[in-house]
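Labels run A, B, C and D following the written order; every chain starts at residue 1.
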Amino acid sequence: MTTEMINGHAVAFDDEGYLQDLSQWSPRVAEHLAAQEGLELTEAHWEVLHLLRDFYARYAHSPAMRPLVKAVKQSLGDDKGRSIYLMQLFPGSPAKLAARLAGLPKPDNCL
Amino acid sequence: MIFSIIVQAPPVQAQGAETALRFARAVLAAGHRIHRVFFYRDGVHNGTALTCTPQDENSIPAQWQALAAEHDLDLVVCIAAAVRRGLIDESEAGRYGHRHWNLADGFELSGLGQLVEACLTSDRVVTFGGRS
Amino acid sequence: MSAASILVITRSAPYGSSAARDALDVALTCSVFEQPVSLLFLDDAVFQLLKGQSPGGIGQKNLNAVQQSLPLYDIDRLYVGARALAERGLHASDLILPVQTIDEAELASLLADHTTVLSV
Amino acid sequence: MILHTLNQPPANAACFERCREAMSSDDTLLLIEDGVYWALPAFAARLESLSGRVKVLAADAAARGVDLPAAHCIDDQAFVALCVSHDKVVSWF
């Protein structure tokens, strides 16, 4: 567990970098976490992060990769609804990294 | 033939854990292979290191350990079900900030994907349930 | 996609135990593996699909919310025991998702049609 | 061909009935744990349609003092053999 000062607030993360208290999320937190990953959040990142937060609000869990791709496809179109596109934005494991930046719990149904 | 066994029954409170153990022994005695034993729901308690068993009773977790050691069994405890019930290993203890952990040697925490993989890899999947 | 297919059987009402959520999690995980998976709701499990659940007051997650994501996981084969519904005074229109109702004769063939049957 | 196992006592009749309904004519039912009580003569009528296709796990019947004709009882090895001789196993609990 680590605590970091972000925008004057102490924010606690678990060992894998997910928020301890989901209500502490703010766009500044996302930017802070992204910077640690060497990422600069662009509009393209943000539309996925907002989509993820909507997904969580509606379906009460963080999606695995496949439903994430499908949800992106439905909302943002066929060009973006592809795993390669999400891999470019959120390298490594997009479902996990994007959920982390979006202030959601770690996706449960992982391999 | 390749078998996998799913244990959803907790030890002590339900008989299913003991039935599963006997079944596993019989499978091995018949010359078949056990690809994996997957512990789900309250069955995760089969993997605790902290049971205290009276001298004249058998410890279910210890029996799984012995069987696994003898036959090199893959004993996988569903991580999502386990951590919610307070069954954790050293690495989960670190992640959640606990000072103690209690997963018995020979067991491993992993995802439900291991259950699905077992279904795809095995000729027979046999489930031992508790109730509720 | 291989020809293997998994049928998850659930028979428990929601919230009184974790069975409903645990069965759902198995199905969601099957789809992560791109394995065709079907869900069969028997006995009190038909209550899992009842609309209008609001479990905030008992500190649980809304099962309806998770269920509504099933199409995104490509899980669309949902079977419900016709008699289980009838016995409980319910109709398919009371349920949160479109389902296929099956009678006793179809139950046996459903089990036969899947490679693996998992009870949760 | 499916092997069904059932571990619930007569108080949980719905479990038994669902299992019975799900059985095809070439399926086998294995009664285990508290399920062995279904083999008592009192429930014979409900097992009628399954005649010849019901087995009982011997250790569970013996443990409970349920005295049954030897022909119906099987040991753990025979349980495994039934798993092999059927295409899959469905558990009712």
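By our rule, a contact is a pair of C-beta atoms (placed from the backbone, for glycine too) under 8 Å apart; a residue touches a chain by one contact, two chains touch by 3 or more.
Quick caveat, the model's predicted, so the values are computed rather than measured.
J.: What chains, if any, are shared contacts of subunit A and subunit B?
T.: Chains that touch both subunit A and subunit B, as defined above, are C.
J.: If you average the Cα atoms of subunit B and of subunit D to get two centres, how far apart are those centres in Å?
T.: 25
J.: How big is the gap, in whole Å, between where the Cα atoms of subunit A centre and where those of subunit C centre?
T.: Roughly 29 Å, centre to centre.
J.: So what's the Cα centroid distance for subunit A and subunit D, whole Å?
T.: Centre-to-centre distance between subunit A and subunit D: 50 Å.
J.: Counting only residues that touch at least 2 other chains, which ones in subunit B make the list?
T.: Those would be 8, 80, 111-113, 125, 127, 129.
J.: Which positions in subunit A touch two or more other chains at once?
T.: 108-111, in rising order.
J.: Residues of subunit D touching 2+ other chains?
T.: Subunit D, residues with two or more chain partners: 88-89, 91, 93.
J.: Going by the touch definition at the top, which pairs of chains touch each other?
T.: A-B, A-C, B-C, B-D, C-D
J.: Which residues, counting only subunit D, touch subunit C once they are in their complex?
T.: Its residues touching subunit C are 2, 14-15, 18, 21-24, 27, 88-93.
J.: Looking at the complex, which residues from subunit B come into contact with subunit D?
T.: That would be residues 1, 3, 8-9, 15-16, 19, 22-23, 25-27, 29-30, 32, 124-131 of subunit B.
J.: Sort out for me which residues of subunit A touch subunit B in the complex.
T.: 1, 14-16, 108-111
J.: Which of the residues in subunit B end up touching subunit C in this complex?
T.: Those residues of subunit B that touch subunit C are 6, 8, 40-41, 80-81, 111-113, 115-117, 119-120, 125, 127, 129, 132.
J.: What does subunit A use to touch subunit C in their complex?
T.: It is residues 55, 58-61, 63-67, 70-71, 108-111 of subunit A that touch subunit C.
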